Amino acid sequence: MTSAPDYGRAFGLWRAQAPAWGAYTHHAFVEGLRTGTLPRANFLHYLRQDYIFLIHFSRAWALAAAKSDTLAELRAASATVHGLAHVEMPLHVELCASAGIDAAELEATEEAPANLAYTRYVLEAGYSGDFLDLMAALAPCVLGYGEIGARLAGSGGPYAQWCDTYGGAEYQGLCHDVGALIDGALVHRLGPDWAASPRMARLGARFATATGLEVGFWQMGLDGA
Amino acid sequence: MTSAPDYGRAFGLWRAQAPAWGAYTHHAFVEGLRTGTLPRANFLHYLRQDYIFLIHFSRAWALAAAKSDTLAELRAASATVHGLAHVEMPLHVELCASAGIDAAELEATEEAPANLAYTRYVLEAGYSGDFLDLMAALAPCVLGYGEIGARLAGSGGPYAQWCDTYGGAEYQGLCHDVGALIDGALVHRLGPDWAASPRMARLGARFATATGLEVGFWQMGLDGA
Amino acid sequence: MTSAPDYGRAFGLWRAQAPAWGAYTHHAFVEGLRTGTLPRANFLHYLRQDYIFLIHFSRAWALAAAKSDTLAELRAASATVHGLAHVEMPLHVELCASAGIDAAELEATEEAPANLAYTRYVLEAGYSGDFLDLMAALAPCVLGYGEIGARLAGSGGPYAQWCDTYGGAEYQGLCHDVGALIDGALVHRLGPDWAASPRMARLGARFATATGLEVGFWQMGLDGA
Amino acid sequence: MTSAPDYGRAFGLWRAQAPAWGAYTHHAFVEGLRTGTLPRANFLHYLRQDYIFLIHFSRAWALAAAKSDTLAELRAASATVHGLAHVEMPLHVELCASAGIDAAELEATEEAPANLAYTRYVLEAGYSGDFLDLMAALAPCVLGYGEIGARLAGSGGPYAQWCDTYGGAEYQGLCHDVGALIDGALVHRLGPDWAASPRMARLGARFATATGLEVGFWQMGLDGA
């Protein structure tokens, strides 16, 4: 497993303890994006499911804003929701349109079980737990895509746009911001010695479970069409 | 598909519109329970997963109590939680013990993805929606087991205890109570013409999604060991 | 009571049935803003409490985004959170600063009971209920300030800035948007005949309770200093 | 301030830091119960409001069950809900009946602002935070009534039944159980050194706020009739 990008201390600790991290970030779907050998039908299937994913993912970040404890947390979370709902989702709709999937087809997509499992796990973690539970469940997606993007940027080929988006400066900047938000939230709630708190084992377990669900999401992309 | 047991009007309507209802109530796992041909290893795998399921299911009923709108709803939901936590779960632990699975092994069971997907879907439906959303997501489990039990009661064979528990008077009584709770909650919130409300389409969709996740749960039982 | 501004159909119906609507929109605090006779100390007390209110109010709108059911609802709610957190709150901080209340004093403000009662009522309505419960609890604040602002705009005097902000085109536009969001959410969930649904009585009761809590908020401004 | 009853370590720490603890446990309403000088009209007003309070309080304990993290927590919380809904509330209805308040009058009681403020604060703390936030917000009521009851037991007079109920062995046993539940939940989440965790300051603040809202509840009893 390659070394962790510098997205903060919590990310480094959780990543090191998530057994499926390598299976997630080096999944055959990801390698297919990198080498360009991923069949287009699988990519389109993934894009359609990702549209539904992004809606629930935005809802989860909105829940983070609702559960935030400081004005700084509220602003960071709400900026992410805003970016997702008003920038990333319209871009996604465009990307799909250029791939021949129009808005009506997107809306009519039936949610795959692997998609549903992941998003509901994240949202429920947030509702039943607190801001930290939600961050630990959200982190594998946000920061894992960052790590994958950083590795795949410049790969060229049919999926160059995807690779360069997540490997690009804007998305990498977001990953650094989210990593800092998480580390700050840990200090705020558990003190400067947060890494030694028993909560870290439980948060690490959430991160690991969510990582396993990301593996399932890629696999759904590979299996479906 | 056999006719619906008389667990209330909403159940009849939702059941008729859930495409996977037959696949759920007549799943190969269920038929294996009926004929006694289900391999014991699969049954034990199911029992272990069902232990984790029951914890989250109890939490979902507790959430229903928290979201109840009348004292009658609060009492009905809290009686169910109490029954699950203080009667059904101890019975389940006993059943597992008699099958050679001790409490430590139960506690150490790793939650299967199909299990996680179903329970988190139900809980999130409850948190994001209201009491009715939660009821529609809970109904396929409670009432589907009732319908299966009613059909399998008296089958005899190695799984007679399981069949006779869910087909027995006590569990069937619970199903009638839950059906009445649901119909009453619909009247209370949507009026006597609730069956004509647009909310029914959305509640029916929740019921159908949860039914599909029940199919996945049986399949997990059949695949795992 | 003056006629309702045109912020949509639900607003008109709920407003007509909220006994305290006149007491809220014509409270002595409001009349003091209009005539300029409100003592400055009371206004500053109100501003400090309103800072805390805005944080929880932003959290409530974020919860609405989390509970939204369509992409349009998600976008409308997230735009409101973004506007509150990144525009209105910085403006509020500036307004306070120009009144001699610095950021540290704002942060150190102790939440008054009337403030706490109102914000927690709204948030709990949203958590325990659904999107509609949240909208009914949020509406008296958003739209009541619109109605007050429309009446007070151009009053001049020491509180002209406050009056003209809420009476201005931007805030009035927001009120029309929120009114349309609410009417649309009602159609989406209860159908075109939503006005005849029994849920309206319960939503109207939420609106009326929140209106009473707004009266308490003005009174807190008048009593405190 | 008298010394703390032995309801566990967290209670002792939080109690010592809640400025309003003495004002709550020695409120004029409480002293009126002890000496028998509390006017009956105020007691009846309190009883009617307490009926509504108990419904929301039961919902809050149900939320605790939904947010529990171990089977032991789930059982403890669900036993409390069950006791409240199936034992304490029927007793309360009886007590009211013997005081001439029938069920219909109880149901028709309008919730006082001080009542609403307290219950919604507790529920929102639970929804936005985690199990610990909910426990810290619930503790002043459960354990404060225990402390008051222990002091007032045997006072005799017209309110002897009230005093002896809360001072009796059954309720005192409940207080010890809840205290142990809280201490156990702290160990489980924050480790054996939980008392040194920064979360304690925030949990203590929740306890202190809820204590202040209890003062408001007694005052409502004293003011209303």
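A few comments on the model shown:
By written order: A, B, C and D. Residues from 1 in each chain.
The rule we apply is simple: a residue touches a chain if its C-beta (ideal position, glycine included) is under 8 Å from a C-beta of that chain, and two chains touch if they have at least 3 such contacts.
Computed from a prediction, not measured in an experiment: that's the story for all the values here.
By residue number, over half of the touching pairs seen at A-C are also found at B-D, the match among A-D, B-D or C-D. For the pairs B-C and A-B, the count of C-beta pairs in contact is higher at A-B.
Look at where the CA atoms of chain A average out and do the same for chain B: the two points lie 32 Å apart. Chain C has its Cα centroid 42 Å from the Cα centroid of chain B. Residue positions 59, 66-67, 123, 127-128 of chain B each touch two or more of the other chains. Those residues of chain B lying in contact with chain A across their complex are 59, 113, 116-117, 120-121, 123-124, 127-128, 209, 212-213, 216. Residues 55, 58-60, 62-68, 71, 74-75, 77-79, 81-82, 85-86, 89, 123 of chain C are the ones that touch chain A when the two sit in their complex.
In the complex of the two chains, the chain A residues touching chain D come out as 66-67, 127-130, 133, 188-191, 197-199, 202.
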